[in-house]
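Structures follow.
In the two complexes that follow, subunit A is the common piece, with subunit B as its partner first and subunit C second.
The block that comes next holds the complex of A and B.
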């Protein structure tokens, strides 16, 4: 605790004109108050973002560059060795960050576009559109997501765009429910009624009257949905029906090199190699959860 | 035992016998009505899901007759194949035939094993699925037997001693398990218990002829993986449900009037806790059904999940349909059971206004 300044006067502070802080200053103050878990989470997330953005500059070798020796052990040349057909594992790990995170982000955005848009529409109109949408969502949510995704992938094949659209549509059901639920509280406000009476169109009411008021829970949900989508895509890739080779991706990297684990007694480093992408997935999900927890806590105004 | 209901500041007391008298003439008891409504909703969902699964074959792009039989297939064999699938009939007829077959346990024949020459070595989907179904149910029930009691115990104790060191340790551990993909947990277990210390086999290739003990030994790692994942989810949900309950005003009321702690748990909290606990169990058993797919893939366990993934890769639609229907139906029925338990055990529903 620092010592109180001698010149402090309560009357002086009260009489002072309200201290105006810029948005950046306020954010900085909030950041300084963040708990260590949230700071850790933000740090990890930004490192991942940096690696994903500048993958070609960081990676020592190309994504699909093949070397003579497959399953090479760790060395100065290949930091984490090479994979089953002789590609540099470390480089693929870095490119994997770009592909896996990029696809998961695109999916989450699309899912929020669909789910959020329809959710707002349902909450505002509250007529047959709402009823039909809610019923469709109820039925879709009655089928386990991974199983449904597997069936749809069997029909449409596993292309990257197909994967993004399928997961986004399945995931948008949960976004729809949340958006509808939180915006129902806002729809009854007088200013929304006023906007309706002034004759504003649906798009205006959705975007300018309601959306700004339901943003905090949606942002938090975005983090949670992102980690869920990320896990689903990793699992599908792991099963061999997600992101297809030669695109580097963490889920399939685990699967392709899993046989190394059998030789842990002779080469422990080699056995750990396939676990690194899996650990990378886990670390990102945990970090995102930490940040979301802090954000939810801050915006909901709950105090311990 | 009298059931106490607090309402409008007055305490009413009902004897269980009175509950039977509550049925008014010509009117169903509200519990029966709610259950019937929920059952109908469940049936409707099952119907819609079956329609979706059925229409998956309609959505296949292009003429999959040639895709299945190969490019060298003659027009006759393709035509015969299309006739076998009933593609010359309207869709609702095909749905009726399909669902009729499904009810009698006939899921059609697999797409694999067919050739362009018209020689048909394909197998009935039922023969493919039936033995694997047993294996999957074996794995799932082994896991459930360990996971459910363990999770309930951990959840309730964590809720009772909340914010203690015990609670924090359990929380951190479960949070980490939830955030990690299932295959990560599985491979770490393989690394530790199969590779570094060869205590358990890393391949769970069980078959019909094995003794029960051997099966148990072989499925040790897969069920341990599933248990870890499930317990984490279930324990957190149980803890949240119990804490939520203990924070409600009527528990505080009981505490204030001096009821002992064990009586509060048994007579005040538990009657209202059955619904959330049943929901937690059913939700996690349903989750187990999904988690099985990945764990089976890791351990090459001969179950339905593994079959589904293989069928998706080869686009063997009849198998995909049957497996999806199995998983979806299990999921829906489990959720239905949870809801009905919730309705039956809800003391508030016993007393209509």
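The block that comes next holds the complex of A and C.
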């Protein structure tokens, strides 16, 4: 409002004008105001990400490289010892980050693609498509998830892709429900009607009119779903039907070395070893939740 | 309850000097109120007017020594009856609020607790101060309800807020403010949410109560005609700066400031009604229903002449908007046909061609929800240009700029998001989006009813200008008679899904009118400060 004219003018009406800031500047402002938990979470998540990306460079040995001594205790050569068939535990921990996180991420993406797409479609059409989709989702949700996953894995076998698809489909039911619920609030907006009146196709309305407006809750949900998928995969691996050897994975690492815990009396460090991948799982889940919490708080406009 | 010294009429009650208030937005402090002086004497009513965002409400609240969260009082003095409110501790101020200074908000429905009876809320403050017993307080509240001309004053207080009408609730709220006989009442747009017929009663009741109890009041509104009835003096604000202050009659007859003059002149839009035999739309014998329900429209026949404006009036539920949905194809009719340029329009939106869609555009009541909050103004106006005409890149940008100029905005709006615009600017952008399609018919659904009066007039003037420039036809759906008077050529009156009559404005607005129309027309406030007094006299006389 640089010049203030004496008479009424449309352009001179009072409105809030934002400073033109680049996205990076805005992010920096938000980041500076982030609570310590969120900063801790982001730090941990980025360390995990770094380790996962550069696993082959960081790990001292190969993923499935076998050494003479199995169940070796901690030493300068093998920082965390070796596992039941003599693979370096520390290297497998690092590779495990890559595998477990990578697969969980792929699964979550796929589940959002399926659940989000169908959820949007159901919300916009609100006809028989919506009815059928919602019915299918209700049926899927009625069956306990882990047991259903175990059953399907038993039927289709536990290849990595099979695992991804099965968990993604089962998990997409919740994404579907959330997407449909938040979209319903946006679908009734006049601008969606205006787009329909303009003759826009379903794809445009889904992608350009509705999706940008429901993104914040979806992004937050993505973090949460990622944690759940991550835990599901780890549980399945622990049960032996998840990620299969020789691929390193935290869930199966816990299972394979669990017997060491019994010998805590004799070798405390050795007994801790199987707990390290478990702790890695827990730490990542907690960190992701810290970040998501902050993000939800910020986007929902809640104060204090 | 009148033990307290009420002072004498004419003493200075409130004295604000050089008040500056900052608001925090976008990581910075901005001045919202830029050094305003305000003096109010006992028994005096001061009208505060200005566009939205002018700082009226902020200043009104500051008179109580209160600032909204996210704002701060940076400098200035606020003296209320000899007390300096700015430096007064919060708990002392809280004792003043409700007892000596009362606030009447725009939305009474939001200000009452729905879980308690009206009378309990009315006497709450008086009881809290322990001035009176519950019985006395209730008797006093009933007196106040009577003074507020509420029906059945003995019993109305024992109802819950949802059991009385909006106008009654607003009067009950004024009664609540009066309950402790405050020295100062701040009315913040108390009648804006009411329709004209109820507004008259509420205004009369408020004016009467203020006079009777010798209360000083600040009356905040954007409605010039209303403030003319209520205020002794008027202060005009703009951008947080005082433009002019004068005694009401002087202000109305001889405003000095340029801005004030422009406010006064905007109420003078009138369009000479014309008609044409060339109809752009003919609606013949249309029945329509939602789902499998009963018909909402019954045998509707309407003709829209080319290049003219047809106002469709009627109370809510009369089928005005349903009719628009049939024309746009959102609600296929069950029977009858819609002819567009003599050709039959397919009932369903899906079956219409892109050309047919392009030629009929729509503008909505709530500009906030009619624009995608995640798209910039350039995207919003640019999309129809790209969609219908394939304009892209620099070509599109040039066209958008052209359209922005048509709606009297400039280049600086291109990259803004809708939330960065004022209400009137948003509605203008919606108009530009409709124009971008180069339509032959624009359906305006209550486009001005959510806007300030000053802004309203600007929008109406723009619509009229566009009609003369490009010859577009309008279907103007509204319940506001003043708007109809201003811009229509023809009027269609609808009642319960049927067309009662269609004709030239000059014919329909000519007396004798049906009783309801008469009531509606006479309730539209006029700029004359004596209007309310005379209207009440006339109505009593009948």
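To be clear about the criterion, the second predicted complex is superposed on the first by the 285 of 304 C-alpha atoms of A that agree within 3 Å, B and C clash if a C-alpha of one lies under 4 Å from a C-alpha of the other, contacts with A are read in each partner's own complex, and residues count from 1 in each chain.
Criterion: contacts are C-beta pairs under 8 Å (C-beta built on N, C-alpha and C of every residue); 3 or more make two chains touch, one makes a residue touch a chain.
Keep in mind it's a predicted model, so treat the numbers as computed, not measured.
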item	value
First (subunit B), second (subunit C), both or neither touched by A:9	second
Partner chain in contact with A:142 - subunit B first, subunit C second, else both or neither	first
Partner chain in contact with A:47 - subunit B first, subunit C second, else both or neither	neither
Which superposed partner A:58 touches (first subunit B, second subunit C, both, neither)	neither
Subunit B versus subunit C as contact partner of A:276, first or second or both or neither	neither
First, second, both or neither for A:20, with subunit B first and subunit C second	second
Of subunit C and subunit B, partner touching more subunit A residues	B
Contacts of A:238 with subunit B and subunit C, given as first, second, both or neither	first
First (subunit B), second (subunit C), both or neither touched by A:197	second
Subunit A positions touched by subunit B in one structure and by subunit C in the second	none
Partner subunit C, residues of subunit A touching it in the complex	1, 4, 6-11, 13-20, 29, 189-191, 193-194, 196-200, 208-209, 212-213
Subunit A-facing residues of subunit B, complex	45, 48-49, 52-53, 56, 59-61, 175-176, 179-184, 187-188, 190-191, 195-196, 202, 286, 289-290, 293-294, 297-298, 308-309, 311-313, 315, 317, 320-321, 324, 327-328, 331-332, 335
Of all residues in subunit A, those that touch subunit B in their complex	138-139, 142-148, 150-157, 227, 231, 234-235, 238-241, 251, 254-255, 258, 261-265, 268, 271-272, 274-275, 278-279, 281-282, 285-286, 289
Complex interface listing, subunit C residues touching subunit A	25-28, 51-54, 238-239, 241, 257-259, 261-263, 266, 328-330, 349, 352, 354, 357, 361-362, 364, 366, 369-375, 383-384, 387, 407-410, 412-413, 415-417, 419-425, 428, 433, 437, 454-455, 458, 462
